[in-house]
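Look at the two complexes coming up: chain A is in both, with chain B in one and chain C in the other.
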Partner chain A sequence: MATLLDWALVIIGQALITIGVFCDLAAAISMLRFPNFYTRLHALTVGSVGGAFVPIVGVAFIAAGSEFLGVYRWFLAGSSLVIAVVELLLAGSGSHAIARATHRAKAAPTQPIIVDKLEEERGG
Partner chain B sequence: MILILVLSLTYLTYLGGLGELPPNDVRLIAKNYLNLTYNPYVKSLWASSPEAVTAIVWDYRGLDTLFETVVFYGAVLAAITLFRKVAKEKDMLQSKGMSVVVKRATAIVTVAMLTVAFSTALHGHLTPGGGFQAGAIGAVAPLVMIVVFGKRYLEDRGLSYGRLLSLRNLALTGIGVTSIALFTYALIQGGFSFIFQNQGKSLSPYSFPSYTLDVPSGGILLFFNVFEFLAVLAGFTLVFLILLGSDELLSKEFEGGENGY
Partner chain C sequence: MRKLFKVLILSLGVFTVYIIYTGSVKLYDIATGVIVSLIVSYLTANIVIEDWRKALDLRRVATFIKFAFRYLLIDEVKAHALVIRLGLSPRLSLKPAIVKIPINSRSDYAVTMTSLAITNTPGTVVVDLTEDNSVLYVHWIYATKIEPQEAYKEVCEVFDSYARKVFD
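Presenting the complex of A and B:
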């Protein structure tokens, strides 16, 4: 029988996956609508952290609450958590690397822009 | 024209005009493999490996896989020969690598990559995967590290041409030694065994341990997978290390000796 805790875990997981769906949708729309490269990169990171990291954590919760999976639910939950942590590390550092390289090489126009501290620091 | 060629070939194949089609009972071979790779009741024929592919690759046709490994070894050797002028040299360019954020993230993820590679090699006889696959996974780690930290950074910390070369040689020697280990053991005991023998046959009772602490350890397959992993990892890393040199270093190889004939 599924206990109250199992139900709670499954519902938390489903809520996280719903947040992920929303983030993915927002990322897809803003990827098309945002004005320049750097803001679109922000949309990309919303998609890969909010739209991938959060739902994978949700999958871990759902797996931990699904007692019909037997002992294998802990394998599922554990591997999902590991994947989520790696995803969180790599999504941020990947978009950081892209943004840094693009800004240094001046490969994309920064307009429309209000302030560019990085450029001022470099004396540009 | 191409269409006619394709259609006529299709027609010929359909009619069986290109020779005899494989018989319908070709699956008997697969059935036999599946029945015998992990069958504790027929211990004179089993390979003690729950993973049939690894059993086929390293037990039933182990000599074939040994020669595949040698072909890979020779291919990497040929690549080194082409770059022999620059292979032993450290890169003159002191690359700073990428930013500190990327460096930290890579440092953490590299550990995960190497862990996955090791477990693919060590579980090669239990789950899909094996030595070559593990080596290919593991070789991603040095590739990413060369790009992120810079080649000179790794070279200053001991990832050198000579060490990788000796690791490869050691691994290939390990495969060779493992394949005749049981033979030597049987000779000392005054018996008889085949080269590349994993488990005992009806002619010779000697076999590698098939269980370690109640876990199926696949006998000889475990050793082969680990050595193959090391050989492939070192080979790929060697090629990456040479090919990812800076332009200043590699141009020494491309400029050539003299012009004309």
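Presenting the complex of A and C:
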């Protein structure tokens, strides 16, 4: 017998997953429309925080509110939470590593850009 | 003796994560968790922890939790709204720039937390930092301010002050 609290948890989780779907769609469209590599990294961040972290937390809420899962209920909820936190740490590190390597190797054009302080400091 | 405290503090953290991950408190899980967390923390304590007293300071933990809620509920939502609006707007009016941002955090953990917070908000990515951890070079998709101090106020003043309170 599902209680009111369980229903509330499931509904919150579904709302978070809906937000995630919207963020992923917007990230995919931005990824195609933005002009160069560095601006596309920002679309990537929308996809990896709004489109991955948020829905995984939503999965944790849904699992916590689903009584029929039995012994797997708290396993799913807990592992989703841990995965969400690890994803939040690693997504940022990954974007930074890619951006740093690309700028060092000059592998992608930075244009269009208003000002590039890093290039100026390195002596053009 | 100091290593013992480091190992115990770290294994407490690892054990908590293990129990949350397995989601059960049966004797089998607790025993496995204790053994694994002790082994892992014995191997990594010297790399991960510098000062174990900081980990027990409840004010730091409370500040960190407050920051996590504030970051996820306010800063992330604002940044997502901005970048999604930019990406879906018909005219695509971007102002990308790599700006120079001086920060006040010095310890490794504080700098890591500041730059992860900056990178994880859409619209700003940390491209590089100087050797002494004092200046970040941030690629900003909608750069309203170019000057270092003004960009600091706009992008990372909140993250930097919280990171100093938590880790420095």
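By definition in this document, the second predicted complex is superposed on the first by the 119 of 124 C-alpha atoms of A that agree within 3 Å, B and C clash if a C-alpha of one lies under 4 Å from a C-alpha of the other, contacts with A are read in each partner's own complex, and residues count from 1 in each chain.
The definition used in the following text is that contacts are C-beta pairs under 8 Å (C-beta built on N, C-alpha and C of every residue); 3 or more make two chains touch, one makes a residue touch a chain.
Since the model is a prediction, treat every value here as computed from it, not as a measurement.
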- prompt: Given the superposition on chain A, are chain B and chain C in a clash or a fit?
  reply: fit
- prompt: Is A:A97 in contact with chain B, with chain C, with both, or with neither (first, second, both, neither)?
  reply: first
Message: On the A-aligned overlay, A:C23 touches which partner chain: chain B = first, chain C = second, or both, or neither?
response: second
Message: Just checking: does A:L89 make contact with chain B only, chain C only, both, or neither of them? Give me first, second, both or neither.
response: both
Task: Tell me which of chain B and chain C touches more residues of chain A.
output: C
- line: With chain A at the vertex, the Cα centres of chain B and chain C span an angle in degrees (to nearest 10) of 80
- prompt: A:F75 contacts which: chain B (first), chain C (second), both, neither?
  reply: second
- prompt: Which value, in Å, gives the least CA distance between chain B and chain C in the superposed three-chain arrangement?
  reply: 5
- prompt: Just which bits of chain A does chain B share with chain C as contact spots?
  reply: 82, 89, 92-93, 96, 100
- prompt: Which positions of chain C touch chain A when the two form their complex?
  reply: 17, 19-24, 76, 80, 83-84, 86-88, 92, 94-100, 115-116, 119-128, 137, 139, 141, 143, 146
Residue ranges of chain A in contact with chain C within the complex: 23, 26-27, 29-30, 33-36, 38-39, 41-43, 45-46, 49-50, 71, 73-79, 81-82, 88-89, 91-93, 95-96, 99-100, 103-104, 110, 112-119, 121
- prompt: Can you list the chain A residues touching chain B in their complex?
  reply: 82, 86, 89-90, 92-93, 96-97, 100
- prompt: Any idea which chain B residues touch chain A in the complex?
  reply: 98-99, 101-102, 104-106, 108-109, 112
